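Chain IDs A, B and C follow the sequence of writing; residue 1 opens each chain.
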Amino acid sequence: MSASRETARRAARVAAARAYVLPLALLVAWELSTRFGLVNTRLLVAPTKVIAAAWRELQQGGIVTPLAASLARDLGGAAIGSVLGVLVGSVMGVSRRWEHALGPSFHAAKQVAIFAWIPLMSVWLGTGEVAKVVFVALAAFYPVALNTFEGVRSVSPSHVEVARVFAFSRVQVFRRVVLPGAAPSIITGVKVGLVYAWLGTIGAEYLLAAAPGIGNLMIDGRESFQMDKVLLGVVIVGAVGVIISAAAANVEARLLRWRS
Amino acid sequence: MANPGIIEIIDVHKRYEVNNEALHVLGGLSLTITPGEFVSIVGLSGSGKSTLLRLLIGLDRDYQGEIRVGGEPVRGPSLDRGIVFQEHRLFPWLNVRDNVGLGLENSKLSVSEKERTVREHIELVGLRGFEEAYPHQLSGGMAQRAAIARALVNRPSILLLDEPFGALDALTRSNLQQELQRIWQSEKISMVLVTHDVDEAVYLGDRVVVLEPHPGRIERIVPIDVPHPRERKDPRLEALIREVREAILEHRS
Amino acid sequence: MVQAISAYKLDETGRGIESARWRVPRSAGRYAWGTLFPLGLLGLWALAVERAWAPPQILPPPRLVLATIVDLVRSGELLNNYLISLGRVAGGFFLGAVLGAVLGGAMGLSKRLEHYLFPTFNALSQVPVLGWLPLAMMVFGIGESLKIVIIAQASLVPVAINVLQGIRRVPPQYLEVAQVFELSRRQLLRRVVLPATVPSLFVGVRYGLTLGWLSLVTVELLASSEGLGFLIVWGRQLFQLDLVLAAIISVGVVGLLLDKGLALLESRLLRWRPQASWSGEKVVAS
């Protein structure tokens, strides 16, 4: 028994090691190509320079504050969007009538790139914090609503019957059967929603009025032709995105422990 | 309640409409089940066995005729009537204790009384020690035991069982049949068992009701006058098993 | 076709029975309900304009937006911009889908490749259009190639992921059957793996097209001088919200048509597929 577990563990380690080969190779290639002037160093800055920029900004407090500001918008907007998404998704899932009423409009609006709403929003809501948070909420709303809808729809009728046998009211059925049954899908939706929310946050910062944030960091860098700053911003965006997704997956595993 | 636990089924008809065609599932069924009796119902597919149980439990109110339990007409589900389905239908996100406790959600007992009765019923079905387990961790037989505990937790006067052991392997099935007999003797409530398994029907039942299909009607009622607890190898049971089998097959054409 | 009861709303009449209340032909009922929300919104909009809840620059009357749409159609401007946008989508999407299928296929067929490539691919695919844009703009300029590249990148990701998953999800029982019959690797691929992966490929392709359309409009918003996305920005700059709204509506409609069109194609091509998923009941026809 332990022999096969050893082989499995070794295989996992091999896989993990291989995962780093490509990124490291790319980093080295990147560094070397800038050193040997193979690329326009005004555009593609050496990784070492990016790290240096990171260090510099960190010391000047140019990372922590903007990051906090961006995260505040991100999580606030994501929370609002998720709550609304669960609401709308539940309504559409529970009632066929509502699904038919809202569905077509819902799917049509889904086809509009989210950033296409910015020009309109900038007129209706201005370019301040409100507009940004609303935009982030919108970004999170769709995946949450869609997944909630699907989850509520696929709740097992045989479980609902059990509840009826025990004389559960409609509200009780929703709370004790439908919601828990839909929980895995809802959580998937929130996970995707968080990804979109983070992207929406940066986008909103980029496109709406300047305010502290990572998006602003990148704008600053671009306007002062400091490519290292821009790339730093990109790296931070990516890293935070990965961290948020990992944290969400962790919470999901904990909440859904009852699954096989 | 006049004579709790007495079930009166009076001239019940049920028709389904499938693809614009009328399907006559139950054609004038009448049966009285006395309190504390164990009645097995057998019959070929299409004889309406499961439909009858759904009418008894109150999940289906569209029929002609009368169904009374304890003198009161059945108007919908009630905590006084429990049912065990073929699939255990435990909620995957609840452990065994919470699943059994689900039946008490609408009961008027106090919290401590609820806890106590849940404990007692888990013990009754032989699942002590598994209170924290989740359904995916249980075997088919254990899950079905939990389902039985859940159905009994309200101390109903009637327990309906719709092919409860049909999805289990033969050994587990045999084991659980014995358990069911023990539980019935201990709780002394009426039980109505629908099954395909003639051996099971005869082993457990005080009477075996044989239904004929298209439409479902009582073909014959075979009394099983063998005292409990019963031995499987009892020749009287074996003779009765043969009799019931013949009664079912008489309507194969 | 009688409308079915929602699974949640179990009726007193029990399983499998159509309730008399819902006896409406399915399609008519659905479409009727579907117009309720847009009509309601339209009504609210008209009311807001009439009661002047907002100045007409901010909330143009529906009539004006309709007139603008008609104008754009008549002047050919809308058509022009449609075609430009669609052309870009077509090019980029095709490129991205092919590359994505190849990449996903390679990773699916070789565990080793998957180990090397997938983690990086996964991380990079999380970067949104907006993230790549500054970089891409510096490398590709702001011409057509920029748009093609961005759309290709967006379409590539779902196609690759779905093809990879499709190959991974081929039921092992089929692979065992192939082993028993001693099929060569090529036969295995052609007869078992490929047909099993096609449904997943389609799922990826549909997502890819949707993402491609979304990315295109995003790029046109930020780095273009024509196309539907550009119209939105231009209208905003001229403070002609009727133009903005007309362009947004057009984007939504075109996106919907693209998606529905692909769905239709999928159902035609995959007509042989049983309604259930590939859980192993049906054997692949040779």
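Operating definition for what follows: a contact is a pair of C-beta atoms (placed from the backbone, for glycine too) under 8 Å apart; a residue touches a chain by one contact, two chains touch by 3 or more.
Bear in mind the structure is a predicted one, so any value in this text is a computation, not a measurement.
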item	value
Chain-chain pair with the highest tally of contacting C-beta pairs	A-C
Reference subunit A; chain at largest CA-centroid distance	B
Interchain centroid distance [CA atoms averaged], subunit B/subunit C, Å	50
Euclidean distance of C-alpha centroids - subunit A vs subunit C, Å	19
Junction residues of subunit A, two or more chains touched	161, 164
Subunit B: positions in contact with at least two other chains	59, 76
Interface hub residues of subunit C, defined as touching at least two other chains	10
Residues of subunit C that touch subunit A when the two form their complex	3, 6-10, 29-30, 33-38, 41, 58, 112, 115-120, 123, 126-128, 130-131, 134-135, 138-139, 210, 213-218, 221-222, 229, 232-233, 235-236, 239, 241, 244-245, 247-248, 251-256, 258-259
For the subunit A and subunit C complex, residues of the former touching the latter	14-15, 18-23, 26, 43, 93-97, 100-105, 107-120, 122-124, 152-153, 155, 157, 160-161, 164, 173, 178, 195, 199, 202-203, 206-207, 218, 222, 230, 234, 237-238, 241-242, 245
Subunit A-facing residues of subunit B, complex	57, 59, 76-79, 82-83, 85, 87, 89, 91-95, 102-103, 105-106, 134-137, 154
Touching residues (chain side subunit A, partner subunit B) in the complex	158-159, 161-162, 164-168, 172, 176-177, 180-181, 183, 257-260
